[in-house]
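Listed next: structures, encoded as structure tokens.
Note that chain A is present in both complexes that follow, paired respectively with chain B and with chain C.
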Partner chain A sequence: MRLVLTGLRAWLVQRVSAVYLLAFILFFIGRLLVAPPQDFVSWRAWVAQPAVAVAMLAAFAALLFHAWVGLRDVMLDYVKPIALRAPALALVAGALIGIGLWMLRLLSALE
Partner chain B sequence: MRMSIFRFNPERDAKPYMQDYEIEPAPGDAMLLDLILRVRERDDTLALRKSCREGVCGSDAMNINGRNGLACITPIRALGKRVVLRPLPSFPVIRDLIVDMTEFFKQYRSIKPYVVDDGPMPEKERVQSPAQRERLDGLYECILCACCTSQCPSYWWNPDKFVGPAGLLQAYRFIADSRDRDMQARLDDLNDVYRLFRCRTIMNCTEVCPKSLAPSRAIEKIRLLLAGRSL
Partner chain C sequence: MSEANRERASDAQGGATPGAGESRRFLVRQDAAPRVVFLNLLQIQMPVGALTSILHRASGVLLALAIPVVAWLLARSLRDANGYADVAAWLASPAVKPVAILWTWALAHHLLAGIRHMLSDIDAGSRLHAARRSAWTVNIAGVAIALLAAGALW
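The block that comes next holds the complex of A and B.
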């Protein structure tokens, strides 16, 4: 599988991740409204459930891919000089990977 | 009524400017183009393209009160007391309302706007059923006036790499043609970061098309074909 997100592939990633994020956000907000965790311990226990942790991890993965395709699109349109665009893209990629690793660390520290 | 017209003569003017004309429609004047020609009777330095004066040639595309359209099929009574005319946005100005469409036609040529069939020549004409012919409705009517492409922000940022709505409508016109044998190569050609996928579904193209065509729908159909093919 090619890892390069271009053309149709990037477009599909953006749409699929958007649909998943919408579903996850509705589920997340719904859960908080219906049964708000009373304290940190119960919140932590809820997030630590394997199904919730996996869904949350998937949501962050979707968010990162979605942000990457979207921000890259903005830069392809507005940041024309390659000497400026390459570092800008590297910065965005670095920040997104950082957020991903941080999230992974938080979730893996739970149990 | 007051007409405010964009003026620029590169041989004389350092900068473009807007020139105002007070003009009243004469009896029989129905369309904006009639008024513009009246202005030109008074000031023959005003330059514009026009030809068929009935919305078929696509020469007099311009920006009318902020919105692209053909002057020859824009009714005077649909306009207000003040009309602002500018050349097509983002296209290089040659003079006054005349723009350089080189890049636009370069993009159009890049999608191979002709039936490709490398097979043996048929004895008679290439036959098409009425149903197959019907699939070209809403596609073949494009007159290449560039109203859509010039109003597309994605094209503004990447006129050299993004095909633009007019070109993509024509790309789909040949993809949908039953006589064409080049669909896979046509789809391959459009499947990169720029040529098709710079479209952000802004849909100005469909909004302004003076022939009421829908380039955004054609773009969507190409996307669906690409998606269906990759499954």
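The block that comes next holds the complex of A and C.
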């Protein structure tokens, strides 16, 4: 499997993740508006439901890929020197992967 | 006055004799004339779609920068009752509200501009008139949603 996100692959990832994020954000905001969490216990119980936790985890995955494709485009446009560009890309990639692992640990540990 | 400059000067005046200038064009490089380079974004008049597009990018960068904060807020709110109370108090504090409103604008504009972008992928609303109208709609609706959020927060 090729992991490099360029060209058509990046275009497709950006759109699939966008559609999923749109659906998740509408669901999430809608839920918060219709029934705002009353306290810690009800908030945590709601997020801990397997369907919600999995949907949220998938949203983070989509978000991090989406952010990667977008930030990569921005950096390729504005960070011209390779000596700067490579570390900048590596820093962003590392941060996104780190956040992804953090959210995986957080959302899979809820009971 | 150099040969090339004189050529350009006579072109600018509409050309003295059409035939004479025409034949000499083969002797000078066509790209010798300086191109118009005027890309001061603050001064050129951008079509409304350009504003939608550049704000799509700017809001995307803002939202990306907010990802660690969102992750941190989620983690803290789920940790324990104190963490939940901290997040609630933090989101309600006057110093954070302007940031929350800016974030809401960024999210609203980015989602709407993204929907517009994907609709044009399937060739919906890509004619000039419809594209301009949807660009205005996105720009205004993003701000309107942010104002609604501001009203709800204050």
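Everything below uses one rule, namely that the second predicted complex is superposed on the first by the 111 of 111 C-alpha atoms of A that agree within 3 Å, B and C clash if a C-alpha of one lies under 4 Å from a C-alpha of the other, contacts with A are read in each partner's own complex, and residues count from 1 in each chain.
One rule holds in what follows: a contact is a pair of C-beta atoms (placed from the backbone, for glycine too) under 8 Å apart; a residue touches a chain by one contact, two chains touch by 3 or more.
Predicted model, so just to flag it, every value in this text is computed and none were measured.
Engineer: Name the contact category of A:Y78: first (chain B only), second (chain C only), both, or neither.
Structural biologist: Touch partner of A:Y78: chain B, not chain C.
Engineer: Taking the superposition on A as described, I'd like to know which of chain B and chain C A:A10 touches: first, second, both or neither.
Structural biologist: Once the two structures are laid over each other on A, A:A10 reaches chain B alone.
Engineer: Which chain, chain B or chain C, is in touch with more residues of chain A?
Structural biologist: C
Engineer: For A:L57, using the defined touch cut-off, is the partner it touches chain B, chain C, both, or neither? Pick first, second, both or neither.
Structural biologist: neither
Engineer: Classify the contacts of A:A93 with the two partner chains as first (chain B alone), second (chain C alone), both, or neither.
Structural biologist: It touches nothing on chain B or chain C.
Engineer: Go through the superposed model and pick first if A:M103 touches only chain B, second if only chain C, both, or neither.
Structural biologist: After superposition on chain A, A:M103 lies in contact with chain C alone.
Engineer: So in the superposed three-chain picture, is A:W43 touching just chain B, just chain C, both, or none of them (first/second/both/neither)?
Structural biologist: In the superposition, A:W43 touches chain C alone.
Engineer: Under the contact definition given at the top, report the residues of chain A touching chain B in one complex and chain C in the other.
Structural biologist: On chain A, no residue contacts both chain B in one structure and chain C in the other.
Engineer: Spell out the part of chain B that touches chain A in their complex, as residue ranges.
Structural biologist: Of all residues in chain B, those touching chain A are 154, 157-158, 190-194, 196-198, 200, 223, 226-227, 230.
Engineer: Looking at the complex, which residues from chain C come into contact with chain A?
Structural biologist: These residues of chain C touch chain A: 57, 60-61, 63-64, 67-68, 71, 74-75, 77-78, 80-81, 83-85, 107, 111, 114-115, 118, 121.
Engineer: Using the touch definition from the top, list the residues of chain A that touch chain C in their complex.
Structural biologist: 15, 18-19, 22, 25, 39-41, 43-44, 47, 60, 63-64, 67, 70-71, 74, 95-96, 99, 102-103, 106, 110
Engineer: Going by the contact rule at the top, pick out the chain A residues touching chain B in the complex.
Structural biologist: Per the touch definition, chain A meets chain B at residues 6-8, 10-12, 73, 76-78.
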